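Encoded as structure tokens, here's the structure I'll be asking about.
Each chain carries a letter (A, B, C, D and E) given by its place in the written order, and its residues are counted from 1.
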């Protein structure tokens, strides 16, 4: 279980706040900007947008810039400056350790959150996070991803269709749609956790083994991590709803309300999973303790039965010259009888005490 | 203990929000719409309402549409569109995994919650949930159930009686009455839990057994589930009370206040049951630990008594040529005497230490 | 430990809200209405008030109706209707499972809470609750008790005395005085708990025994119950203070503030007792665990001392033909010497490890 | 560990609220009133103020009445009535079980809190509380203590000095100074706890013994008590800051802000001590459990080594007529060899499992 | 693990609030004042500022006084009085046990917090704290440190550069930059904790040993300490944001918002570390308990296998005259056969119960 360390962040210390520095994993792929320009009537997709055309944008249309990778600071800087983005916002979107948040500037709303994906590693779950940021302006949306991916394909497809709401409404609805895809993916993610938790439960109820404790522990760590990403997302969505920038039109508000409802449900489920996980840990330890108890009882029974009769056979193993019983003819069978009687009464006594 | 998985929900990903898709278990029965039209004077019941008559409704009367099953999306869609219901609301009422909530639109209030029923499975409790949604408009109430059922029969009967308040007051009071029936059923449900918890308690106090831990565990799971449904219901009722749509008249407000009081009581009881349940778990483990302690003490006593005297008989079992005691005439009875003395003093010592 | 079950409540399901139905234990005594009419000058007590005289009440005097038992629904109904009490209020005061609450209607304030009394059952405490409700109107107070009792005698006595504030001030002060008597009785009740808890503590510190765990458990249950009654009482008192009905005059407000202070103190004490109780449980288990530890150490010491020397005597019990030691004259005393040496060094080693 | 019981309080039940009754321990010393009259120019101290002079007070000067003992109800009553103190306030200041609080009347502010002092009893700490109340009026301060003491000497000294703020400013600053002395004494008190907790920690880390658990338990009780006194004090100070009586001038407000800061720090420290205390308890139990584990391992090793070889010597102690080994010449040394081999391999196996 | 004791604080008791007394460790280095005077155009650094020049400051420029050590009370007093600092503020900045806080005076904002540094002591972490206070006035910033240090060098360097924001903006931005450096250092600090916690985790998962519990305990103490310093810092930053003094210009507000975001992230990480730490403790104890369980099982198996066969060999060690088996020729090999059979069936039975 390796945790991501914030090493890069350290190297930023001393730089003035608002410096454009990429903070995150090394990336090898090229930064690529995709531009979709649309209104109700037309839709044009430019897969490799050239930054020199920034000044030629049609102000009457909606523009969605999807910046596919953010490690090339220059490109991000240039596009942001064109749209009048504050240096602090640029710093935040380049810092991939930034916690989810909303910043409400006068001319745009900045929103950053995490895309979460599960990697199954052997029997363990591993949640990978990728930072996604959005800037919603009057007639544009900028979306920034850490690496190229196809999560937004669903939205691209819907945009093609003239009858869809995402096409008819403005960039505020588009932002909602993009956020909605991500929040929906959280619900899928929790599905994997639910399945894993049930799997562990069944295993424990069968025979509890040492490695199950590791599995439970692992789930716990991942849930702590999840919470770290999802709780601030809730706050961030609340902040969008309280935004008074006027960038989100009244009829789109209902949709953000719905989004808030979804994230609320995600958080409730995370909390329930945390409870179930804690519960499994307790159950595991109870079962171990029950097992110890049974082992103890078995030991006690065996010992209590054999120790007294071993003492008796010891007595007649003594070499005293004058031991009248040794000479007596029926001594041996009588001794056996006494010993059998002792064992039987011992067993009956255990039965009565419900140890057997 | 199987938990309901949200599998269907996944398949919705990528669909635009506000799409009318039924999300829930497969249902085989037919969707059926029941319409009760009433005012103080007259009451007409139409058990199989034909959607083509939607336009012929008398605007001066109150209409209660009870849609008995929601898996036929077309029917739900058509009736909702007639009353100007927002697509997001339709999406929510078709999604049977929706958490309880209130949505306050300008022309109607949407309220969704769970009907909970206990199924006894062997010795375990199992809470089954069914989604029930209400849409309260100016002179109509739409109620949506997952499957046909008779929970509202009590209200139907009361509606027949001209002197009852539900007949004299408007659709706001009717909505209250329907919600009240459901919240009252929660109190009954908790009754079953109380009985089960007392039953387990008596069993544990008698003899704690492994399966009791499973029973306690099971109750815990079901209470976590209950809480998931009931806590948001409280929020939802509060939201109705804060609604400023004017759909709930001032004299009906008192009744919703009362409803809020009931749900508060339900929540208090759920919390108390959770405490009692946690308590039982602790008690069970304490009793197991006490039992281990007694087993240990028994083992210690038996071992401590027999090990020293077994050593003594071992001594005189040695075959040394020159062992003066062996020849001595009264050696054997003296040895017995010493051993009895040892046992007695050991027992007295245990008595003093309160181990016996 | 039997808990009160809400069975009666179930039978009410399906009745319209606001129906006058008595929900509680069967009562055999007669309902009886006591009326005290007073102002600064005169005071008249009518121990058996006849409901037909309701219309002849002097509107310039203060009236305190004490309805001694509430299971005769007709009587309660009649008197309530005379004073214009809302059906929901009547329902609440007849339902003895109602949680403490304040309802602020325009012409009266309704307040219901529990009178709590301790019954000592063998070594256990048992809290019995009786519902008491108050309706404070412009110049009247109605008080409803489940069964006749003398808790209000203190107030009756004070009313006799012209110089007392309760006589000089209005019905708002009378209501305060009645509530104050009940809240003061909670403090007495907690006294019994404090004494019981100290008693258990002393017993545990002496010798912890199985039944002590039951005692601790019992206190815990009763405290959970207490909290159920007392927490909502606090809310209810706060709600009185926020009431804007004008029924409580400004100079009487200070007294309700004081009442709020008292209930706050009661709650603090309940919380502290819950902590002490949890603490005792932990202490008990720690002491059991310490005891197990000592038993284990004793077993280990006995076993470790005797097992090696028993092995030695076993060796010379072997019947090999060629065992030189057996023939050696001083073998027997030497063997004894070796064994004593082993025991002594074992004991010294235990001393060093602080096991002895 | 004896806890103070509220017995006296019970005897008050039935008395009308606002009765002047002393509730607390019996006191033998005389009530004594000290009056300090001062302004910037002059300062007069009257150690035995005669109540008949109450009417002759100079209205242009500041008066600090320090009533040294409150069990003589008449004296307290007389002085309070002169200054127009409400009966409820008098009741509160005479009741030494009153929780800390602020009451804001129109013409004065009433403030009551606890003076706390540590008594070392053998190895245990014991916190003694004394009630101190203040009444701040326009140009007077009344301070009430349970018994004569010198905690306010520091203030008396400062008052002597014309250049000190306490002399130059009004009675509001004097009240602050008096409260500040008490809150500062809490910080000293926590010092004793810190030292005690460190002491216990060192003892436990050395060798954990039974009595340490009692010490930890004792600290826990005392911290629960402390919290009972200090938490409401915070609330009370907040309430002073929100007072709108105008009795505290704007330039003195800063000082009360500072006081609030101090009490906040006291509470933080109490909370941290509670955590450390809980931690020590857990640590103690962990160490006991580690010790049990070691004892168990030792027992297991000893038993596992000797039981098999004891079996072997048992075999050749059998008296069968036909046992070829018994006749064999080297049987005895070979048996020894086998047994030594068994012991060595057992020890190696334990080493491998890290039990040795 | 030594905790800093507040001894010095005690000696202050009785002093009037607002006295200038240094409360903290003894310091041997000289107090030294550094002054940086700057505007957009010019920047002058005076490393050894002479207090006599205080009156000659250019009111049109920004002044940053960095007072490198605060134990020389006179110097601090003189400079503070020049800028009209309230005595309470001076008291707070001289008291190095002051908790982090913001005080908002009319003409300046006072802010005090802790600089935290990790000292590695053997395998333990040790957090050292140094108090840093800031006073932000109209065109000046005073910063006070306990000892000379270079943490602000980063800011000095940036100030040299005309193009940097810190140079172009006023003293409000400078204050932000200084605070930001400190809050950034908290993130570095948490890095050390993360590494330590991971290190412990790996060790425990390998072989849990006694000293690991001490390590976990140590981390816990340090996290409790951290929290004590960092939680109030959050409150303090919130209070700056709510300040209505007008000293922080609108365009600098965004930066303080960002600072608040950082401290929020620090607190989240501290909380997560506390959870991980508690988790490790539980894991450690679970592993110890698992180990005990295994030791027990081993003991039980060994004992259960050998005790019965030892009994059998005991039987034929008896010296009875009439024991037919002893004479029988194949008795010895048959006995062996029986014993081997017993051992094998015992082992098979253990296998079935999964103890082997």
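Please note the rule applied: a contact is a pair of C-beta atoms (placed from the backbone, for glycine too) under 8 Å apart; a residue touches a chain by one contact, two chains touch by 3 or more.
Bear in mind that the values here come from a model prediction, so they are computed numbers and not experimental data.
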Between subunit C and subunit E, the fewest steps along chains that touch one another
2
Hey, how far is the Cα centre of subunit C from the one of subunit D, in Å?
26
As a quick test, compute the distance in whole Å between the mean CA positions of subunit A and subunit C.
42
Going by the touch rule set out above, which residues of subunit E reach two or more other chains?
289, 292, 296, 299, 303, 307, 310, 314, 317-319, 323
Given the touch rule defined above, the chains close into a ring; going from subunit A first to subunit B, what order do they follow?
A, B, C, D, E
Any idea which subunit D residues touch subunit C in the complex?
1-3, 5-7, 9-10, 12-14, 16-18, 86, 88, 92, 99, 101, 103, 207, 210, 213, 217, 220-221, 224, 228, 232, 281, 285, 288-289, 291-292, 295-296, 298-299, 302-303, 306-307, 309-310, 313-314, 316-319, 323, 325-327, 329-332, 335
Hey, which residues of subunit A end up touching subunit B in the complex?
154, 157-158, 164-166, 176-177, 180-181, 184-185, 187-188, 191, 194-195, 198, 201, 254-255, 257-258, 261, 264-265, 268, 272, 275-276, 279, 282-283, 286, 289-290, 292-293, 296-297, 299-300, 303-304, 307-308, 310-311, 314-315, 317-323, 354-355
